[in-house]
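Same chain, two partners: chain A is paired with chain B first, then with chain C.
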Partner chain A sequence: MSASGDRLSEILNNGLQLGSGRKAAISGTSEMPYRVLVERIEQGRTLLDQHGIVEGDQVVILSEKDTEVTSLYLTCLAHGAVAVILDPQASVSELLVLISHSDPAMIFADSEIVERTRSLTQTEEARVIQVGAEAASKRTGFGLLLRQKAQQAGTMYPGILAGCGRTDRQTTATGSGQALILFTSGTTSTPKGVSISRDALATQMELLQRRFSVNADSRIVNHLPFHHSDGLNQGPLLSFVSGAEVIRPEAVNMQSVGDMLDLVYQRKATHLITVPTVLSMIDRLSSDYDDSFSDDAFQFIESTAGPLEPGLWTRIEARFGTRVVNCYGLTETVCEAMYCGPSDDSHRIGTIGKPDGFEVRLVDEAGDDVAAEEVGELWLRGPGMFSGYFGNEAATAEVFEGDWFRTGDLATCDADGFYRIAGRRKNLIIRASTNIYPDDLKDVALTFPAVTDATVVGIPDEMLGERVEMVVTLDHTDAAKGRLDLFEHLRAGLAAEKMPNEVTVVESLPYGPSGKVELAKVREMISRQSTQGEGSTIDDKVIAEAAAAFRSSAASLSASSTEASVEGWDSLAFLEFVMRLERRFDFRMAPRDVMRIRSVGDAIGIVSGHVGDRNGPVS
Partner chain B sequence: MSFLSGFWLATMAAVTLIYWVLPARFRFLFLIGASALFLGYVDWLSLVTLSLMTVATILFTRTPSVSGIRTVAAISVIAAFFLGFKIISGPLDFLNAGDVLIPLGIGYYTLRCIHFVLERYKGQIGRFEPQNVLSYLFFVPTLFIGPIHRYPEFARDMRRNRWDSGTFQEGIERIIFGYIKIALLGNFLTVLFQDAGTTFFATRSASVVVYIEMVAIGLNLYFQFSGHSDIAIGFARLLGFRVMENFSWPYLKQNIGAFWRSWHISLTSWSREYVFAGVVAITRSPFLGTVSSLVAIGFWHEVSLRYLLWGLYHGLAVVVWQRFQTVKHRLPEIRSPLLRRFYAGFCVVLTVHFVWLGFLLVRQEGPMQMWQTLRTLLTGS
Partner chain C sequence: MTAETPRKGVIVLGHPRSGTTLLRRLLDAHPALAAPPETHLFSAAARFIKADMTAHGVDMGVLAGLEFAGFSDEIVLDRLRSLVFSFLDDYARAQGKQRWVEKTAFDIHHVDAIQRICGERVHYLGVIRHPLDVAVSCKDFCDAAGTYPEGLYQYIQKYPQPIEAFVNSWIDTTRSLMQLGEKFPETCMICRYEDLVVDVEGVLGELLSFIGEEPGPTLGQLGGTDVLGFSDHRAYETDQVVDDRVSKWQGLPGAQIARLAPQLNPLLEACGYEQLDGDMQVDASAARRSYVLGQAAGLSRGRNGV
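So, the complex of A and B:
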């Protein structure tokens, strides 16, 4: 059977043929072989047909389950529907705004989310299918020995597919030209849904396959969330169209980042797609992990979605003996637009490399091209560019100058053609590679009755890239209570990944002559407050005691410092450390706690727990 | 259990081959089965003991968090097995049971069980799969002679387990190295040295004969023990596991503290983590902690007066060395590089002789024989 669909259909059909039956299409947190994935896509298309979903209809996918999001996304693409992937951790109010703005014809949502957002099920226009496991029917006696009928249809996805025949045909979809909508901002005001065409998606997949040498032998570890393009498109989609395997680790944090490297090692991964914050965590791991990328099959680490600090970059490459490919891209460019590597001629530490698949201009405020080495706003143009913000023509018009997309990032270009990010013109904070628009947070803060004014700024941070600091004024003097109540309010209105690191209450915000808040002065206010409070946190005090006990400088110690990393940490010095903590915090550590301490962080945890128990301030 | 046998070699080869031929999901189950089968064949008593200890370990630590009472109860049960066998098979043997009754490898798996219980108590090991604990405790390469590897590292190796030709090659090299140590350096050269020396000096100097015996005991102990550890570590690598090292050039250390950080590392670090840290956590006394941990190491070998004395001998030496560190800076500094090298060499010789003397003395039946041996060594009488 020959395919006559568009380019995306062609590469999807290619993937259907490349992935052999028993091979895993996705593994890690949950596994699904190609055989099952292909079956789900074919049955899923029938399901969409049954519900009257036609090419160009929006289908919302809202799930924490990797295998389900993967199969639903690929089903939508094969069917020609427009997939709208939302953050399953978004707050109820955010979800309602985003779903309403997406105008979906159908919604697939985790049953827990449907439960949490009851009003989802009351959406009349859209049909809602819950995602999750069917409640198991009770079986007793001989029933235990009998296998459940494989084709018994359920009401939830994917169980519901059992009742659907397979649409046994190659995809010939052309859709409305659109394939995917991903939201980059939006809480209470008009959201920005990046609308990506099928052609742009196909262009970027072909480019990534070529650039990263992804093929049927590839095993890609990608831990990024699916509501971000780097997680979704450089994860299951790139793998599927290449006949490769995408490996999904558990959520990555300082405690679990080692497990992810173990997965890279055990599965003989070929690529790791990650972000600078996670590289910073990897940098802090012990030498036990040095062999993580040692397998001959491993090609490189891709660092994306945020600036990569040159020192960290150099250390990772030297320590693990592998290349780190730093990429620059935005949701608006679907995936990447600039690549620093993997080839030698495009690799220069400290830069974002050279463009591939896009044309680049650096432009001054007057719209003219800047001279070499001068700073200008980065403009991009290419077939991989997004189509516009869904249902938001004003926002679309704001970022396009003809067919050039104004990124809002400032950059320079050297004589060899390497680009370097020099700053940011747009109002955006990038924390742990998550884009956070200050206005989103400000909007929610201002809906809190006691808040009279608010602003949000990014403060440089070694691990996170930037910290999100909110500064507010309140209409009463009980700042401490107001701050706590505001945190609760923010938690209810914002996705977890958007929550500020700190909220500071001030008397008034500094406004300039133009009537805008002067952000530089706000940063100074925050800096002054943090300097006044230096050494006042439990972490600082425990580290100071560790420094005294182990005869080292506080600057060289951190929560991750252990016997292996601190030269003066022997059994006697350790005992001194414990006794110093007991004196300083006026308590006697239980033997269980003393034996538990293997790092300074353990001691911080124990002291914090104790101080918390006492419910009193720390002197 | 000696690794110097065709049966052991055949076991290693068969287990390794079947392990890698099997699909990944069956490998750990196979290892548990193979270990149990092998253990049952070699020493059924050991299989029964280890099985009971394993059941006790898992049952006492199944709760989400392990209380102090459960910990004490679990360790009491495990220690009762161990001490019971140690007492009836040692000098305090009232049943005159001798070596017949001591289960093979009990000292090693006792410490592994206690380690698991204490780490669960401390919260360093979270909820666990019983099958993983079975894999850990029934890990055939380390069953009989250690190293006393730790559960978190083992569980991590289970997660990382994969075929790797480099690791496999390291395993083969390590096994060959171990056999060279045991057979060539230990059983042949050291014995040759002792026989020749003893024959030559038999009629000339009783003191030198005892000295030669002391050196031979020290060398042979190291070659035998580190050779067996090499084979265990090598076998583990054949199966894709990296088990902790047990020796790190212990006879080249310049002080007794450094010696104890490089000799039977898996045991000494166990004692430091659980005995030293436990005693210090309760008493805040490093002196008691140090002496207790060395005495515990002594009793782990044998519950007897001579091992009590041996533990005290080393414990007090480490304490003296630690105290010396606090006043060392008051001594004049050696500036000449040549003198510094000489001093370092002197420290190595002093340390190794102190250790060898300990090994010689603990071989004697009691304090009187110890005193007699020491007198012969020093005076020739």
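So, the complex of A and C:
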């Protein structure tokens, strides 16, 4: 068996060797021994062969299951196919647009998603293989566990692999040169799918291993979703090529963030890859968690995918006695392009550090380099750069100046070479480290019949980084009803992570002389029309805040309302609820109180305990 | 597992050569479970309470004797259980684990006594394997060992053909296991060897979940390589789960399979196996020719010293 292939093939083959002594490739909420992962990759290549998938073909992967996304992604890379990883929580309309735009030769999707997008699977020409467990085992009357179809290949992934022989050839792909497509926006007909080459991916994997000292002894806790590059590539791929183990905690929210730190401690993790919003949650935890990073094996926390507020950064480092490495990167740079740490010479709080693997320019509007310490748009160039937006030449041309990528972010560089983000030129909101393009939300809002105009702005927020506020005009005067109906409409058309925190109804939007909406004035309108809930008693006030946070009507809520009974009660909305209560009642909720809120009634109890007079007037 | 009735113990049951050692080792690799080598504790306890009837129907066993002395069966069983559990508890503690798993090859022949002693205070995990594979494997084992272990000897006395003897042993023990499962649906789960070796993570995950344990990072690994038990030398030698010991029985003579079919088919169906062909035509002259050729080949090997 001889092997010659591109650099990515080389490091994947190396990963196969490194893994031979490893037990778990992925652990935490879902476990997959390395032996199973390798078997799945080898059988998966046979499956792709059987379906005529060749190098350069697009294969869509759409699953909530970490182990399945991991094995399918690595199978595609080993085979030379282009993996298209989509957000499994995207709305049906988003999925239809994204899948159609991806032009896939094959689709792997969770059975629940296939069910949800029935029209897609009936019309899409690509072969669809459902991801999930075969029919559950049956227990007979005397307790015998009868596995259905034992020893037979199933029809769903991964059961279907039982009918596939193992492809024992090494990875030799060179293919089209593309490896991965991740979408950064796309509720409209022109989605932006970031197309990443095999070489760029290999470059970034080599860089991360060197920069972060990741090797076969590393245990990386990474909670970021796999449809985000930092979850996927700093998760299973980095783990596979370096021999490290990736540990996946439960979905992180205020109630579970402590469990994640327990996992860091118990599993003797070496790295935690997280985002500023989660650091903000960690900052609120009680002192019980102070020793979470005290094990000698632990190296540092990586904060990525959003601006890290210097005060929070300083508090986390001081309290936990560990370094926080703040990184700057975009999906377009695969992973990171700038690193503030871990070495002392590249660590300066408040900055994004220095570039590694990329060249940097700060450029003014005329395209000239700015003087030292002056603000300019951050341009990047390097072998880790993406190739372009898939099937969207106009969008690609817009962001490239020669081989320089215009990030849309504004930055300065000090005399010591440290870069600092100073603002944003592009129209983008980063909430809880998720990039949200206002136009995506606006497009969906404008498809609601009653909406006559809409705009979306980001408002700075202590915990989320930015809040997403939508401002609309309606063709009727019942603003309250229109707002709730619009929320319903948005829920159907947008992924949960894109939903606005608030919708404000105004009479008209402020347009400037150029015909564009004046965003500064919109922000003023929002602050004037603060949607603080109504109510005279504490119960009523808390319910009103819950209604605003969960985008429900107050009449539909009561003290017994819980996550299970309120459709809009997700982790972000829950955070919003807590922050609303803190603002309204002017207190900071203790971490243990936040964690014990399971119903609106729990929140009423906590607020009452703080305010004292349960049903009395509150100033 | 409720707080009121914590079940620390797990007893693995199955006919010898059914994969009980494999399951024991898989469980032993779990961070919460400690499986000692075969202790024979339960078979000894079963013998302790065995009734010994006279021709007149008088029980001369220990339970009857102690009853005369004022000790109820309940008290005796309680003390006996405490004694047995104490060794296993200590073993688990010494391994730094919370729970124990006991598996001794011939416990399956004492199911009635074991359930009488333990009731629903433990979990029972059963393993069933295709009876003809069990019979072939038992024959191989007994040939190699040069003996018939006690549990199997009674069947050899009754049935002159070893395969038939072991099949009948399988029928009896499988019925016992099924009765246990019917009686204790909350605490007894049974799996098939064939499913376990094909999908070790899936089946083991369900078994672990049934006994209240999370599948850990060691799911599918084998523990206990340093300890030899009474039997199952093959499973002790290996460090991975293999599925190449399934359907070995298909090399058995068709006539023998056809003879066993009426007895086995109802149980095979209940256990999810395909039924045997009971109408297999036997060509007597072909069988005789095959026998003679076999003799000739044997003689030839002997002469050449192979």
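Definition applied: the second predicted complex is superposed on the first by the 509 of 619 C-alpha atoms of A that agree within 3 Å, B and C clash if a C-alpha of one lies under 4 Å from a C-alpha of the other, contacts with A are read in each partner's own complex, and residues count from 1 in each chain.
We adopt the following convention: contacts are C-beta pairs under 8 Å (C-beta built on N, C-alpha and C of every residue); 3 or more make two chains touch, one makes a residue touch a chain.
Only a predicted model underlies this, so the values are computations on that prediction, with no experimental measurement involved.
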(request) Check the residue A:Leu86 against both partner chains and state whether it touches chain B (first), chain C (second), both, or neither. (result) neither
(request) Determine, under the contact definition given at the top, whether A:Asp259 touches first (chain B), second (chain C), both, or neither. (result) first
(request) Name the contact category of A:Leu237: first (chain B only), second (chain C only), both, or neither. (result) neither
(message) Just to be sure I read the superposition right, which of the two partners does A:Ala24 touch: chain B = first, chain C = second, or both, or neither?
(response) second
(request) State which residues of chain A lie in both footprints, the one left by chain B and the one left by chain C. (result) none
(message) Show me the residue ranges of chain C that touch chain A in the complex, using the header's touch definition.
(response) 126, 128, 177-182, 184-185, 188-192, 194-195, 198-199, 201-203, 206-207, 215-221, 246, 270-272
(request) Could you pull out which chain A residues touch chain B in their complex? (result) 258-259, 262-263, 265-268, 295, 571-572, 575, 579, 589, 591-592, 594-596, 598
(message) Looking at the complex, which residues from chain A come into contact with chain C?
(response) 23-24, 27, 31, 33, 35-36, 137, 139-147, 150-151, 162
(request) State the interface residues of chain B toward chain A in the complex, per the touch definition above. (result) 68, 118, 121-124, 156, 159-162, 164, 272-274, 276-278, 280-282, 284, 286, 289, 322
